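As written, the chain order gives the labels A, B, C and D, with residue 1 at the start of each chain.
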């Protein structure tokens, strides 16, 4: 548990790809705004993973070309998207019925902190943001069948983001199933962090040194 | 308050027509199964009263001719109906959101008993039916903006159905706004029955004699 | 490739065991998945709890057919009148009944699908149907707390479907089908037509495929059923 | 004859007074009734409570425009980030904020329209957003009790409408519009097109006219708005 900045492990594209490889074909998946959105770039169309957007879309396709933009069709990040065959459109209450009702197989969110108990903090800072905003993160974290977090292993100044107990305000308690970082993949079960895999060239000691809770091999 | 059977006042067609005349143009109206359904026959198409059916229709039109029946389109009594211009179709949760949410201007229901406080009993007998069934009556009685009851003034053996206190199991307390019988029209307010109008040729004394609670002129 | 189409009713119904809770769509004959229900009666799982608006009307088909075969332990519905089979079983004490106001039934099912365990409604307050239920006042009005309903299986009827499980309906046949599709672990749809190619138009879809597990094509018999219902 | 069409934005907005609670549809620019909101800013009712997902993005248009004019007392939303106007008012203590998780916001609005005063959700349990709220355990899981939301007025955007007030939407522009239409005393829709004759196809209607009081035709500016949003 040191303050060393990590410049080791995967780049962000590698992180997104690593997570994408674990998504099952035909799953219904909601990708959070930011880095999680990148995951879609590493899921081929043939796999028919169905991407859900909380503003009322199932079956989102890739970003359209400049001449193919439909301004009425945007994702949760308010960016233009396309529809794939088999898509459907619906309103916000139905969209969150899908989320809250446990119909989404997987949501991928960013994180400020994740505790070994699976507590997630990803919506505001301890001091309270100047302007707090929560969006759909709390609904997704408690509602989806699986919540995977895609985030850097440490903060910019090297503090671990995988911790024993969150110091940031919670988004949801005991909600996280897995965490994907540039250093590895970690599963949360029985109140502890279990290593699924470490990124190429890294050993447990190196990763443990950057982690604020005990890693179980 | 006698046991005299009533053969005075309006016939059922007259009762339905009397109530139909009080419906405002452009109201959204749900008509219960049985006699209330007859009310639609006395509302002309030009008035654009929008009839709601709890199984998911707004804008029901008249019964189709034998060659025009669409078997997939039935009313709450499971009888074939038609659609008028401006109609819409929806599912049961949305249909009862309209009802429970106070969007229906008027529901017309039958009644076993109505008390001077507006309590309605119309779904089961004191002994409990051999087979109880409630349908949408409870939702309609509490949800619609106005609940009007269309019923005979007395039972077959001459007992009053407008009473001080219901002896039948309630459908809803304090739910009824008006009662239409063959003898007259009665408004319920401030815990009492107020005469709106009496059917032609009848005086208050005659109607009071067939009523189980005090009528206010 | 996502392909929720199955070739037969038997395949569609695979895995429904004794003691299952089964939601069955329809309002009377319209929107009732008659072929699925009749095939389920042939398969014969026992001690079923059925959640539906009605209890059927004929021992030959649908929910009453299941009952006539002795497969139903409990009925949760709003309006069981019209079923002679149910009536005789009920009066003989051979079947349980939970009567639910129709709008409360619809909302309990929707909430079951939407992850809401309980809600409040004014419907049923101070009636026999809320006698054992918690009540509460909000802003001067009285409400009953109702629990949501979920099921192991939902059997639904659609007009058209596609291989992703998207469904659209005809006429008044939506009724309970879209909300039941949301509320079950396993949702099985019979559809008159399964469209090929790119599937249904996204803006026209009423039940998104996320709620549907299996789709089987069968000709709708609603014409016949309505005739039978009329005759009965 | 039922005819909910009105000729101008001013006529459409008639009767919105100081202190009104106003729901505004849209998710960002898409489905936002921009013309109605900007015309409301011109009319200038004060002390408004606005219920919307976002707080706008530009002082020139939409919700931020209302705020820039000093008309908004309180904002109930899930994601006010992106509005500089809101940020400066909020940090200066000149506007109240109630942050609501997006799905809870949607369900509170739907329940408001559906006559359900309160419901339970697991969302927000053990977070700052439920600190003052009642919690309850059902079947071993913990939930927060949430109250429904209603409004004096809902401003919504549709793609097509008819004289009965039926609405359909384009792309992802349904978002909060159908549920807000249900939850207000007075629902006012701007639509790109109002169809004549027999109206919209009954099976295609998303918002039935029963929920809509007035319809006004205006060209949608979503292209422009998205460009502006991108540039800002």
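Everything below uses one rule, namely that a residue touches a chain if its C-beta (ideal position, glycine included) is under 8 Å from a C-beta of that chain, and two chains touch if they have at least 3 such contacts.
Fair warning: this is a prediction, and the values are worked out from it, not measured in the lab.
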For subunit B and subunit C, chains touching each: D
Winner on C-beta contact pairs when A-D is weighed against A-C: A-D
Inter-chain centre distance, subunit C versus subunit D - centres from mean C-alpha coordinates, in Å: 33
Between subunit B and subunit A, distance of the C-alpha-averaged centres to the nearest whole Å: 55
Whole-Å gap between the CA centroids of subunit A and subunit D: 28
Where subunit A and subunit C are represented by their mean Cα positions, the distance between them in whole Å: 36
Residues of subunit A touching at least two other chains: 89-90, 93, 96, 99-100, 143
Multi-chain contact residues (two or more partners), subunit C: 107, 110, 114-116, 121-122, 169-170, 203
Chains that touch, pairwise: A-C, A-D, B-C, B-D, C-D
Subunit C-facing residues of subunit D, complex: 107, 111, 114-122, 136, 138-139, 141, 143, 147, 168-170, 203-204
Touching residues (chain side subunit A, partner subunit D) in the complex: 53-57, 70-75, 78, 89-93, 95-96, 99-100, 124, 130-139, 142-143, 169-173
Subunit B-touching residues of subunit C, taken from the complex the two chains share: 27-31, 53, 78-81, 86-87, 90-91, 97, 99-104, 106-107, 109-110, 121-129, 159, 169-179, 206, 222-223, 226, 229
Residues of subunit D that touch subunit B when the two form their complex: 1-2, 110, 112-116, 162-164, 166, 182, 197-200, 202-203, 205, 208-211
Subunit D partner contacts - residues on subunit B that touch it in the complex: 26, 28, 46, 48, 50, 52, 58-59, 83, 85-90, 93-94, 96-104, 143
